[in-house]
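Here it is: the structure, laid out below.
Per-chain numbering from 1; labels A, B, C and D assigned in written order.
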Amino acid sequence: MEKRNATAAVIGAGDYIGAEIAKKFAGQGFTVYAGRRNGEKLAPLVEEIERAGGTIVGKSIDARKEEEVVSFLSDADKHAPLDVCIFNIGANVNFPIVETTERVFRKVWEMACYSGFLTGREAARLMLPRGQGNIFFTGATASLRGGSGYAAFASAKFGLRAVAQSAARELWPKNIHVAHLIIDSGVDTAWVRERRKERHGQEAVDNLHPDALMPPASVAESYWQLYQQPRSAWVFEQEIRPYGEKW
Amino acid sequence: MEKRNATAAVIGAGDYIGAEIAKKFAGQGFTVYAGRRNGEKLAPLVEEIERAGGTIVGKSIDARKEEEVVSFLSDADKHAPLDVCIFNIGANVNFPIVETTERVFRKVWEMACYSGFLTGREAARLMLPRGQGNIFFTGATASLRGGSGYAAFASAKFGLRAVAQSAARELWPKNIHVAHLIIDSGVDTAWVRERRKERHGQEAVDNLHPDALMPPASVAESYWQLYQQPRSAWVFEQEIRPYGEKW
Amino acid sequence: MEKRNATAAVIGAGDYIGAEIAKKFAGQGFTVYAGRRNGEKLAPLVEEIERAGGTIVGKSIDARKEEEVVSFLSDADKHAPLDVCIFNIGANVNFPIVETTERVFRKVWEMACYSGFLTGREAARLMLPRGQGNIFFTGATASLRGGSGYAAFASAKFGLRAVAQSAARELWPKNIHVAHLIIDSGVDTAWVRERRKERHGQEAVDNLHPDALMPPASVAESYWQLYQQPRSAWVFEQEIRPYGEKW
Amino acid sequence: MEKRNATAAVIGAGDYIGAEIAKKFAGQGFTVYAGRRNGEKLAPLVEEIERAGGTIVGKSIDARKEEEVVSFLSDADKHAPLDVCIFNIGANVNFPIVETTERVFRKVWEMACYSGFLTGREAARLMLPRGQGNIFFTGATASLRGGSGYAAFASAKFGLRAVAQSAARELWPKNIHVAHLIIDSGVDTAWVRERRKERHGQEAVDNLHPDALMPPASVAESYWQLYQQPRSAWVFEQEIRPYGEKW
């Protein structure tokens, strides 16, 4: 693997999607800065990437705190120029609107939208002086549709999409590729399998069609495609779903 | 004017749009509960409505405070059943994303989105036991487009739209009409005229085509149309603009 | 009823939606010009409107023929100034794309899109010299979504929507209100009831919730609302559905 | 170059975008079947591809004729299994709606929509028995927006997009990747440069920013990305524009 003098930051480096993104960019020679709420949980990811010859720095970060986002990204940028910054924090909850507490509404927004704003803004501040970079945001079905029970989650995801759009309109002409990747499907994670079990029973999970859920690695591939696009034909928004998904 | 045993609440009863909505519903016999940050500024509106034979209660409200929204709407509902609740708070600001402070981002969201969630939820709680009602939200161009310089404002307006969508999907089947009115145009207010003057000079404002800006009363008419729709053919979202507007 | 010196043309004056539109505008004092493929079937509608004191001229028209559209609308305009023109021809079919013949694809387009273009263009030609008018198009769920089995129908309805958009952008500034009304629901017609029976059995139709299908008269009401909007706050597109509809 | 036992058909293999798509897929080892109205104009493309070691068959085709589409694609499929079919015929015209003749409206639809339906349907018929394939359609800004002067063109492009959507919903579950690539920008062709010259003068063309127009090869790259996506994360629609484009 040829190492690059470039850093890829992943904020929201959870066990599935975030980890696969980290592995993909590490495998392409980037130093990966991986952040999640509880940084200790990053140990297996760090080990896997290092064993494969990649470079990764894992850190705890509460991305709802401005100073933590600032220092996480500026550390990354000091290591090597920040070339890619991916915001991947989710906060999927489902409550009828009349049972949604103001605390839940605010917390979901802080995690899924406000943190994304801080991340995008700080990445832009670091990239603008160099005149290049890539800022990507992970979206969901709820980025485009306020479904029943999703007042809090969809509100945050809609809000994040607006941040991405405004950032794209401002930063593309400065050679910074801002994109919003919408995952319009369940992703194959323990959490999603657990919810399916709750709703449809263990048997439904055991008999799940192998292609029914999106493998986290496919999300990482999609980000890699976005990264490779020539600036003469950038994509802002990409909705991905498995071939068998109903939409 | 025939008085109704029904209340129409307007949260965000500012000098232009909010005031016209209040006058429209007062003129149709509703008791209007009008709230704005500084309730003292409601005096001329109260006077105008009462002189015309209408009934209005004007109050100060900081709609970012849950307890104030709860008590404002429950007071309204005690007066007479809350039949209409219109959320009309704006918070239009324009900053490049890298110059948007976390304080601005948060405040705009609290005013334009979080307050709207609180308002919609509390109105729903009051209306559900009676199985009828109308909850309307004021949107803007930025509800659908994250333009350059609008990261904060568009993020809040996108988020409010998601709240409205989720609320509609949950509450329509319970006979509560939730709608989102998008004003895709400048509205004829002192603030808009002032901004045009800043950008294009006094002459541009003096020579403004009489139909270039939307009269606030037309917004009120549009809300009145939404109110009158039969439940067999409700509209969720309506974009309004003057006939000469470019879109 | 006060008669107006104005004509409302309805092209596609079928037994349900078109007939209700005709009745609504006749009841508001317009002379109605009603056209459908087989004009003889208009007899009961003509009788009903005349009995109620309204004025109506019913005619056969094949709206896929340019000369027939031209003469139908210019006749209407000679009677009294053409103030409203509503295009309401549907052509709902469902075939898998690989079983869609070129004949079906072409015919559905001619009925649902090409005829609408001819209608809109001719109405505009008559209205422009007077500097006012209203041109409305009936859309459907398939105007916004190319569903499985709808390659032909959705293609035509998407195409009609584009005609309406272009027409609106060109004609609004000339004081002609162009609008596109999307009916996102089944409408209560014999045809829809028959299809439900085919799919779900007679019992499903017998037990149909009274609010599950949209009454054709509600569509007419929605057109009437569009007609009444002040030009300072026109709506281009309006999606209507019953309160219990899932969307 | 490793040759594949697979054919890529390009219908609408014009001098710019279509030619670049042909070169890209030929360079990846596909036998390319390239069709355009006047097949003789394909000579330089055929020569260029063959000189580079690629395989191409160039043919005249009027894609508005069902039998020509059928035989073009079945010939391609006999040569080697049809794995990719790209529909790339444009028909950009601009007329005010009242000056749009029925002949123009119909012809633009036949070229840009009806031909696309025939192409997609025939490709699907050939691919379904093998259970795999890729059908891609070229869209434009007018696929999403009916602008002033674009009644004919936007109507056809909207209609093509609906065909693509319905086809995708039907064919994805059968392992056929249907996608719609929207080019939201001017493309660097002689025709576009000529129009800019007409509107803004020769100087504007001479001083054109090198990145203002999309290079046709970038469109081909975008198609190649679509082709490479794993079926666990397919994209249906992709809007591409240069980094400096206003949107």
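Quick note on the criterion: a contact is a pair of C-beta atoms (placed from the backbone, for glycine too) under 8 Å apart; a residue touches a chain by one contact, two chains touch by 3 or more.
Source: prediction; values computed, not measured.
Undergrad: Please work out the Cα centroid separation of subunit C and subunit D, and write it as a whole number of Å.
TA: Inter-chain centre distance comes to 34 Å.
Undergrad: How many angstrom between the C-alpha centroids of subunit D and subunit B?
TA: Inter-chain centre distance comes to 45 Å.
Undergrad: Which subunit D residues sit where two or more other chains touch them?
TA: Each of 169 in subunit D touches at least two other chains.
Undergrad: Can the chain contact pattern be summarised as a line, a ring, a star, a complete graph, or none of these (other)?
TA: Drawn as a graph, the chains make one closed cycle, so a ring.
Undergrad: What is the complete set of touching chain pairs?
TA: A-B, A-D, B-C, C-D
Undergrad: Can you list the residues on subunit C that touch subunit B in the complex?
TA: It comes out as residues 169, 172-173, 175, 177, 211, 214-215, 218-219, 221-222, 225, 228-245, 247.
Undergrad: In their shared complex, at which residues does subunit C touch subunit D?
TA: Contact set of subunit C toward subunit D: 66, 96-98, 100, 102, 105-106, 109, 113-114, 117-118, 120-121, 124-125, 128, 142, 145-152, 154-171.
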